[in-house]
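This is the structure I have questions about; it appears just below.
Chains: A, B, C and D, in written order; residue numbering restarts at 1 for each.
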Amino acid sequence: MKILTSKPSIKNRFLEIRNKTEEICSSLEVDDFSVQPVAFVSPPKWHLGHTTWFFEQFVLSEYKENYECFSEDFSYYFNSYYNNVGERILRMNRGNMTRPTIKDVFNYRAYVNNQLSDFLKEEQSKNVLEVLEIGLQHEQQHQELLIYDIKYIFGHQPAFPALKTDINLKPESEEGFVSISEGVYKIGHSSNKFCFDNELGVHKTYLHNCKISKSLVTNGEYLQFIEDGGYQNFNLWHADGWDWLQVNNVKAPLYWHKTSSGYKQYTLNGLKSLDKNLPVSHISFYEAWAFAEWKDMRLPTEFEWEVASKHLKYGQLWEWTNSAYLPYPKFKKADGAIGEYNGKFMINTMVMRGASIATPTNHSRPTYRNFFSPDTKWQFSGIRLAK
Amino acid sequence: MKILTSKPSIKNRFLEIRNKTEEICSSLEVDDFSVQPVAFVSPPKWHLGHTTWFFEQFVLSEYKENYECFSEDFSYYFNSYYNNVGERILRMNRGNMTRPTIKDVFNYRAYVNNQLSDFLKEEQSKNVLEVLEIGLQHEQQHQELLIYDIKYIFGHQPAFPALKTDINLKPESEEGFVSISEGVYKIGHSSNKFCFDNELGVHKTYLHNCKISKSLVTNGEYLQFIEDGGYQNFNLWHADGWDWLQVNNVKAPLYWHKTSSGYKQYTLNGLKSLDKNLPVSHISFYEAWAFAEWKDMRLPTEFEWEVASKHLKYGQLWEWTNSAYLPYPKFKKADGAIGEYNGKFMINTMVMRGASIATPTNHSRPTYRNFFSPDTKWQFSGIRLAK
Amino acid sequence: MKILTSKPSIKNRFLEIRNKTEEICSSLEVDDFSVQPVAFVSPPKWHLGHTTWFFEQFVLSEYKENYECFSEDFSYYFNSYYNNVGERILRMNRGNMTRPTIKDVFNYRAYVNNQLSDFLKEEQSKNVLEVLEIGLQHEQQHQELLIYDIKYIFGHQPAFPALKTDINLKPESEEGFVSISEGVYKIGHSSNKFCFDNELGVHKTYLHNCKISKSLVTNGEYLQFIEDGGYQNFNLWHADGWDWLQVNNVKAPLYWHKTSSGYKQYTLNGLKSLDKNLPVSHISFYEAWAFAEWKDMRLPTEFEWEVASKHLKYGQLWEWTNSAYLPYPKFKKADGAIGEYNGKFMINTMVMRGASIATPTNHSRPTYRNFFSPDTKWQFSGIRLAK
Amino acid sequence: MKILTSKPSIKNRFLEIRNKTEEICSSLEVDDFSVQPVAFVSPPKWHLGHTTWFFEQFVLSEYKENYECFSEDFSYYFNSYYNNVGERILRMNRGNMTRPTIKDVFNYRAYVNNQLSDFLKEEQSKNVLEVLEIGLQHEQQHQELLIYDIKYIFGHQPAFPALKTDINLKPESEEGFVSISEGVYKIGHSSNKFCFDNELGVHKTYLHNCKISKSLVTNGEYLQFIEDGGYQNFNLWHADGWDWLQVNNVKAPLYWHKTSSGYKQYTLNGLKSLDKNLPVSHISFYEAWAFAEWKDMRLPTEFEWEVASKHLKYGQLWEWTNSAYLPYPKFKKADGAIGEYNGKFMINTMVMRGASIATPTNHSRPTYRNFFSPDTKWQFSGIRLAK
């Protein structure tokens, strides 16, 4: 991974990002930190501990002399999916762990923050700084997941509590389409700034003529799709999408609630009347694809998106592409635990491009390859059409 | 239901029982109150709220003039299985509700306690006192369930936290058997003290000669069963028990952990070496029955047990009987919600008799009919043999 | 088991019963013999082979000198649940075995019939005759199961094929109730004719006053229950019954089909308009119990039924009792494989008494204890009320 | 779809292909035709009927004047997944349909063959010939599926019956790698012969330097992977692959059986000792990918494969590529039922290229895009490596 780290700032940047994570949780009650309503949602407590464990495991234990672990037990609880680092609790049991308490976990964070700040007082090798940088990027990814998961936890309770936050969607005003001309284009990360291994290396791809919409699809447009019977017309759906629809009885985006006075939508600020001018959010790939079929258009590929990105105002919602998440031509997994970061997910997932209002500032970039399985919709997802 | 309630004491008794419930939870952390590791375990927070809701729903809302509910939302959350009282969250989703917070629930308890104390300042009708009594009995039942559930929650975490409590099993020293002679016996509750509807009315049953052990089976005896291959010998098991064994990979009582230095057992005071002299606990009906087969004996029926009870020292563990939970000859469900209390569970469950160290003082009696499905083992269950 | 077997007739009786089994299948196509639409239904081919294997395994292999098995492989396929006799295919995979073919199985039957006829030319010991008798009773039980299973297989196909048979329900004309007076009664099998181990031994039971209906509940009465919202009123149902209803979306007896012109019912003679005068059939214990609740009556216990039986005309449908299937006071499982016949099912099942139009002549008797789990309804089951 | 059909031959070609299907089944017993051991395997009877229904539905009913359907009921049973053509039985219930019998189905085939032969006596429009051609291609696809399904049905029975057939794998003798140079290549079907819509239209793609093996991986090489702990090393697997492995307890290719004398392999000619020189077959995408990781190589993309294909001897086993099955740039689903043929499967599946020994002669071509989900292995699949 390519990394640019100016020595003076790294400690500040570390603390800034670490604080940001806790800030996201600042309005939570102790009661909110431990639950796990479904397997793919992790308890907020777990995110706070896991991001800390990452620094302890891969930086402090590895490189700091005489480092003493905060607690041996925490590794078992806070390892996510790094088989190389040993046993861990089953993902779906995270929500059953009442200990360590959230107070313990904040103590753990403080301890690791102090130890790492101390460690960064001295100049560290490029190798250490690289792992540290991954830890920071990793914590930023979990900041976004934290928001998804808190929204899911709150959005599935009768009280519909609100998270005090200024994360809000806005209407998009751009009209029309960006055009791409047929030809060979370069794809992949080329600057000397940080990127993940899945964005490397720069390589050529051949694109055909296409047009990509300048704005995301709105709630209003999506409502038309619903009212036109979009969820009942199998011709618009993938076979797997259609099955998923029936099994899960899906009839609208996540967080939409049909009431006698029209649709309401759960937002981080509570339950609101549906705003037709806002971009439609929390839709699965299956729904995005079916909507595009209904519009007689299609979703862009991730390569079209990357090429078009310099002409687009994006960043409100991650955008489904019709590209499967697969390795770039020269992709090679890193050895050991870090190698588990990306490569092993390159099956059964679709690429999302862009960023969302829940993405930390400066975390994303035009070459960033996010990925989710096609039935997920708790992430901040949206639709951009192509033709 | 027959009820004896001396007016002067009812308010005190009410507050005493209410306080006892909170006392059980006194050493819990806030984090411990909300989780639900399996569907049959409820979060401690839920027990605290549900027992309160029972008084609010069936006493205050019904009988206290101008009573104002603490919160309309709480009914949805804290109703357990009373279909007659309206919609409620699915049992398995109780652990996903982070709101109301535990602080809210303690406020709810205080509010209802005050309102009810106030209400009891005036003399109340027999009808009201009867419902109140059921509420108290009901809260005592939940005190016991609270202990089961806390033990389950703690006993399924790698840290094995302890609940500060003096609930401990002791060795049983009685030897030999109690004999019952063939003949007609009276069964059922006959005093003028409280009992549940399922213990009424007194009726005759014909018993044959039998002998019932004076002591419960010990951990040491059960260990012999295990070491003799009891869990591998299908001839000892019911067909359903054998299937249950395979599917759940059961090899020992709940909370037993095989280690390189012998079995350890999780207790409310933490993980301990197995004490062979203590009664074996946390076994399912299937296991109790298989153990009896192995011993070439059998489990008593609930009628044999009731007749023998005046000669037995019991009360450490609920005892599996080989009686299905079925109505007594003149049993009739009460109308409305209270009628849902017992009758609708009279299928697929087996009767347990006695009491356990987790049972509140004075809550049980010789005619008490507890019942659980034959695969459950998180309750404080034990084995008494008959022949 | 007590057995009366007159030597001269045993061979004839054997061949008569064996032929009867094949006669039941006489109108089946080859295609009909191998399928298994649900785990609890066995392919007809399997019944034909399994009953044959029983004689081969427990009579010929055991007692006939130099007996050569027809094929070693058949034991693996045709063993049902006798763990003592070795490995066998999983029950739910029976329908995947296309080999042995049905032709092979008829050859198998002929071979075993010949071998056994030959064996019976000589006088055999009491011990052999007892096992033989069990084999015959066992085959008769499978004759009845064959009819259940064929009906299930045919009744779940769009073509609704008919089995050529004279098995038909008739209206019951008796009115009123049989009365039983309080007192001690003898229960259990006492004659010197054959019975199963679960009917032994004769013992006393105490009954209270009750009345038992002389006729089974009719389709017409059951239709009133449906039209009165019986399936929507949770107060009428066991908790487990209510859950079963929701999960399986049950709204009527098995084989009833709601059409624009009223209910139709699949019978062994094809799809017919519902005849309101016939006894209601193919209902689960849950439904029988709920119906009784709705009628403000109850189901009889198996002891009440046995005492009343000499005054009843029964035999069209097996009758659900409100007795769990449990051992009689002196019940003891036989050793070895035969011991698996009854005892291991004495949990989670309810007793049915009587007989059905699918029961072979002379197979049942007043002390006969049939048993099924409370959610099953493919057996020929009906409702008799008590109060 | 582009189609070349010389009028004089079309009728002969139709009858030839229709006969070939029946020839595949010529050694089956009647008993073999109806079973469905898992949802993804269809009963042979169903294939015979479904391919016939395709001609009846899309050719005869549509275009032949006064055509009378053989039976209205058959459409319900033999429709596969064409939602546009109406209701059908659930896929997993195909194996429960004993009627129509196999005899009925052969009559159905004869009837449709006659009707269509008659229809083809007169000259038909290009439109009709196109649909007819799809029907023939479709029947050829089902010929291959028939072989997969028969193998699965036979290979999961203790008797391991053999299908009389000359379908056999041979060792591959080519050594070394084919090289592809970086540059723009044309992909997709361009001749005027038949192809499916998913192979159209010709478009450019940019490839980087790579080398592709001239031979498939052998059983011997795969055995080394197993013996080297390949199935125990999570670093070699996709996350989903690893989960799949654990859940299904996968330890070898399908049809391999570990015995005391080494591996045996079920083949269409029965159970044989494993031949190390033959290509490894019946492996899932997950296994192919893990094997490539272990070899420190990779799977080719479908585009690399297509470019390399003119230098390869292929055709023994379908070859997994590391390309997700996605639409080509100008792909557009056809309207109506025919549009359901390919497009709706373009998610969660991976492309396989080549052909297998079970593929009908002349059915495949270098641009042919076969596709399966990554966990399937009952198809005739193999591994070709790239680097």
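The rule is simple: a contact is a pair of C-beta atoms (placed from the backbone, for glycine too) under 8 Å apart; a residue touches a chain by one contact, two chains touch by 3 or more.
Worth saying up front: this structure is predicted, and the values here are computed from it rather than measured.
Undergrad: Please state whether the interface between chain A and chain D is built from the same residues or different ones, using more than half shared residue numbers as the mark of same.
TA: same
Undergrad: Please report how many Å separate the Cα centroid of chain B from that of chain D, as a whole number.
TA: 58
Undergrad: Could you give the separation in Å between the centres of chain B and chain C, each centre being the mean of its C-alpha atoms?
TA: 37
Undergrad: What is the distance in Å between the mean C-alpha positions of chain A and chain B?
TA: Between these chains, centre-to-centre, one finds 45 Å.
Undergrad: Going through chain B residue by residue, note those that touch at least 2 other chains and give them in order.
TA: Touching at least two other chains: none.
Undergrad: Which word fits the touch map of the chains here: line, ring, star, complete or other?
TA: Contact map by chain: ring.
Undergrad: Touching pairs of chains, which are they?
TA: A-B, A-D, B-C, C-D
Undergrad: Flag every residue of chain D that touches chain A in the complex, lowest number first.
TA: Spelled out, the residues of chain D in touch with chain A are 81, 83-84, 184, 203-206, 208, 234-235, 237-242, 285-286, 289, 298, 322-324, 326-327, 329-330, 339-340, 344-348, 350, 374.
Undergrad: For a test of understanding, state which residues of chain C touch chain D in their complex under the given definition.
TA: 29-37, 45, 73, 76-77, 89, 93, 95-103, 153-154, 156-159, 161
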